[in-house]
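Consider the two complexes below, in which subunit A is the common component and subunit B and subunit C are the respective partners.
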Partner chain A sequence: MRRINFARIAVIVVLAAALPVLAGAQQMESHEGKWTGHSEAGRQLYYRYCWGCHGARGNGDGENAPYLNILPRNFVAATFKCRSTPTGTLPLDQDLFNTLGRGINFTNMPNWSALTDQQRADLVAFIKTFSPRWKTEKSGDAIQVPAEPALSVASIKHGSELFQKLECWKCHGQEGRGDGPSASTLTDSNDQPIRPYNFTSDNRSKCGKTNQDLYKIFMTGLDGTPMPSFADVIKPEDAWDLVHFLRTLQYNNKSPELTLWLSTKEGAEIVNAKKVQNTYTGSGVKP
Partner chain B sequence: MDVRGGSGVNRIASRPVKTLLYVAAVLGIFLTTASPASALPAFARKYGMPCSSCHEAWPKLSPFGQQFKDNGYQMGNDRDAPIFQSPAYWPVTFRITPQWHRESTNKVAVDQTASGEAQVTTHGFDWSGLDFHTAGTLAKDFSFYVLPSSDNTGAFHFEAVWARLDNIAGSSWLNIKLGKFELDNLLSEKRILTLTSISGVYTNYHFQPMYQPGVPENPNFVFGIGDNQVGVEWLGHSKDDRTRISASLLSSNDGSPGLPTSRGYDGFFAASRAFQLGGLGLQRVGGFAYIGEAPTYFQYTSGGPANPVAGTGIGNKGYQRYGLIGMWYLKKFDITTMYFHGTDSAWLASNTAALPGATLPLGAHSPSWNGGLFESHYNLNPQLIFINRYELVRMSQQAFTGDGVTPANPSNLGNTDVLTFGVRYYPFISSRAGFAYHAEYAIIRQRGASPVTFSDLTSSSLLLGMDFDF
Partner chain C sequence: MSMKHVMLAGAVMLAASAVALAGPAGGTVSGKVTYEGTPAKMKPIDMSKEPSCAKMYTTPPVVETVVTGSGNSLQDVVVYVSAGIPDDAAPSNAAVFTQKGCRYIPHVLAFQVNQEIKIVNEDQTSHNIHPLPKVNREWNKSQPPGTPPISEKYDKAEFIPVKCNVHPWMHGNFAVLKNSHYAITGDGGAFSLANLPPGKYTITAWQESYGDQSQEVTISGSETKTVNFVFKAKPY
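And now, the complex of A and B:
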């Protein structure tokens, strides 16, 4: 008669019991307002929508990556541009959720507003499974964004001075066209050439189009790019002055800042000097 | 070919040949009209995204793909203009489906039988029509689509030709399209997942009632809401595409080139709203209406009415199609439901020229009918989809109710039921090309539609194929 190997059965039972626990270790949640994302649901979405660029392992080596001139985000590194948290820290779930809904302008990352909020929350949860950082670190604390001070000519002029003092022009150029003397030397964390933002091209930045979005970019930096955080360099009120000035560089966008700036003789002369006249190319590039 | 039920008596040779030609013609028409469309690896190559991004299962669009399309084939991230591509980039995609298929019809006019009808079954290897899609953006907010399409003999026609002004004045509510295009049907026939001769089109979209058993409506009146039409379309949508509304002004010729029929115009209107239902997915409900007219006779040359002058159709009479549609997502399971209503003028139904002072034949009425569709998909993953569809059409008013000599139509004349099952497996999902193993079975029953005895006509189609585009 064959003897029952209780030890073997015990091992099998323990392993079977541990399986859900082990599997659970790979599960991740995200929390965005009333939404709770689940990584298992996000997995299906990821392998429908995202893997072509970000890769099956989330390290940004999808089959299309070689053809993209800003490489897809490497989720294993967990370095994200658009955050509301200090530089070097993990973003909030809400930051990733917002990025999915907004996309990243001037890159191949589209907005995924066609997905439901739940689907975007699920995707965020799944993205977090790629990097061990999400298991060992907490997201940074969101920076405080003080109320925007009243717009004034003095604020714009002070912002202009800061633009010079902080040497923003070295990368972004004196007219904000992204053609500063250092522009051609810049690379991102993937050692890929990267071009500084051209303020004259659009009223949207990579991480949104509101003044608050611009403010956050100064104070958090765009991790993974040469754009640093200025949180330790300038005061919040100075940052707001810089925001006001940068809006005047977007001379194709009728912002309150530009309108105010144009109402001054100095501002009108500067802005009009930047405009290229009488070149109706029909190409969408506005003179 | 297998002809069953024959008596074996000698008949003149031309009748079987006619039958063969009839079956071949019917198959040819179906294969042509079933010519699928709109899955564009050209876009996937341009944006570097897998086809599963824009398609639930290509060619059926996902909400993301619908948003991309509505936005003028633009992602909205300023990587949409061709200038970002290699100068050699040329967005062209072709699609074709080599296949084996079996077609069977229970009652075809055949001389070798006492009834004059017999079951006809044919099967063998074949291929579909060929579509050449080229589409994209000419510049930011200028999009286009040109689709030369052939039947399986290589005879080409233009299935779609249009240019579109997108986001006029920066508003997603202002998009104008001009040319030949698919109507803004939420349930797109050009993106249908089924390919057989029966279910390659939606029956409700093409149904036209009989005037009397064996007697069709006015032969110049051919219309399908699933057919691409010629005209101008305004479409507006919210940024996230949750709300969509469109209106089209169309030439009354069912998308034919060269103004072949009349100088009339039709209108098409569609609106829908999507909403989130917990974690189930994006649900969408909407409605549409097509208000059309068609001529009942033409100006003609000295040869008489048999020689109509193209484009001079007059005595226009109306027809309408209405529908309500719901697209329901339950995680991996999605269901489409549609209610359809149609009505045609009695003048069109009875093929009566609406000359001044003319009257309708005794017993002629405007036919009307109701239809329904239930389609379900189980999307196990982006590579595997199971398909089921049931369509029905029920006449609510027959076109002919008797004139004292000829009896009234049976109340169920023309009633139709179509049942379809299918599965598509995509062995790879890439941004370079699309490929699907396709298996499908469809069966249709049409009351009183057999060609000789006017009894029920039942046809079935089985298709196994490799559907690919590149």
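And now, the complex of A and C:
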């Protein structure tokens, strides 16, 4: 007959009771459009879905954390990659909400689209209870993103000049493959190696795949990573040119920018030269 | 003693106190920071990936994590009053941090809480300024050549490592301090903290790889007290 381990049950009961205490007793709300999130509701979800990586205290030291090569966010530091707000400021509730719905590509953060909007809003509210910054500071003011101008070849070419001038290639590489001269030395703020985005791999960067998302990435920077903010050094009209050019680097993604670029002689030569045919990478086994 | 003499004496005393108020009042703590043991050999920096900076040096500069001078002295040590004095309001002048030859000048920049810092790029290459605070807010800004200085401030006291991700050898420090009584040791390792009113103080010396040390000192009147710090050098 199997004996019931009362001691183990007692430990579990005590731990379960202690969880709310660990996370602090304060209440938070989040506001995303028509949704209002409540931290009390988010707490239940957090201790079911999130704490395995982000930890009981939200400081990113969950039991899975040592096995992840981009460490889970530390909510106590409240430094977030994907924001619409300037570098060094707290994100909008909507930014965190969007990250939960989207996940973070190239990391172990999955998308939580299986949860309802209300549940994600509740989680955002709860995440904000971990750092005292949410009590003493307001979210930054979202950067102004002007309407996207019409796409043109001139815009792509100007974007290409900016890519050179601002030395984006130092990390992202001349062809946007994430293999620039500084790429192999990069570390994030946890001192972990981190790769610059490889434009040729995918059309989903860490913080979304729309042109607006691309615009925000270099104008706000991805805090906690080597990617800085260019808000003070790129004019808004120039920023859109850079977005148009960056799209042409994603040559596996048939975007309007790439299609237009391929329709020019110069663009077609550049893009086709990048496509190295009939070479195999990896283990050497032919596909 | 006549009335006239008393008045004269009073006037002299008033004048003396006025001088004391206007001039350097109080005592001074001065001393020297040295090391014992063998410090690690600082390696030359390979700047070949940034030719615009590499060509500025005839011999490659060395890493500045530990900078030693004559007589086992330690440079770039922040010596400051860590306790015993009220916090000061930030001065109006900006502390300037310059990127030149793909290095930070000065290597350690000390300034006060809420004091403006100006970050200047004098190089022909883009830098990104990425301080890595633990208690202050973390930001990261790009600064291409020829762009205006970046103005920032910090609202909490902290020692903050600063790096440039584009040029991984670039490494500096911000020392954000609560009061104006601080010094950074130069060649010879000497420091002097003046204008300390009578009282008991904790003097702390901070070196980026050896950590910090503190000593208590009591100042009465306008005396000068000597406080020396000796760090144990790490050979690796």
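Definition applied: the second predicted complex is superposed on the first by the 253 of 287 C-alpha atoms of A that agree within 3 Å, B and C clash if a C-alpha of one lies under 4 Å from a C-alpha of the other, contacts with A are read in each partner's own complex, and residues count from 1 in each chain.
Criterion: a residue touches a chain if its C-beta (ideal position, glycine included) is under 8 Å from a C-beta of that chain, and two chains touch if they have at least 3 such contacts.
As the structure is a prediction and not an experimental result, all values here were calculated from the model.
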item: Clash-or-fit label for the pair subunit B, subunit C on subunit A; value: fit
item: Which superposed partner A:Pro226 touches (first subunit B, second subunit C, both, neither); value: second
item: Touched partner set for A:Lys165, first subunit B, second subunit C, both or neither; value: second
item: Contacts of A:Leu262 with subunit B and subunit C, given as first, second, both or neither; value: neither
item: Touched partner set for A:Val153, first subunit B, second subunit C, both or neither; value: neither
item: Partner chain(s) touched by A:Val271 [first = subunit B, second = subunit C, both, neither]; value: neither
item: Touching partner for A:Arg48 - first (subunit B), second (subunit C), both, neither; value: first
item: Nearest-approach distance, in Å, of subunit C Cα atoms to those of subunit B in the combined model; value: 26
item: Residues of subunit C that touch subunit A when the two form their complex; value: 49, 125-126, 128-130, 132, 134, 137-144, 147-148, 150, 165-168
item: Residues of subunit A that touch subunit C when the two form their complex; value: 77, 79, 86-89, 133, 165-167, 170-171, 181-182, 185-187, 189, 221, 223-233
item: Residues of subunit A defined as touching subunit B within the complex; value: 41, 44, 47-49, 51-53, 62-64, 67-68, 103-119, 202, 283-284
item: In the complex, subunit B residues that touch subunit A; value: 47-50, 52-53, 62-64, 66-68, 75-79, 81, 139-141, 239-241, 276, 278-279, 281-282, 332, 381-382, 430-431
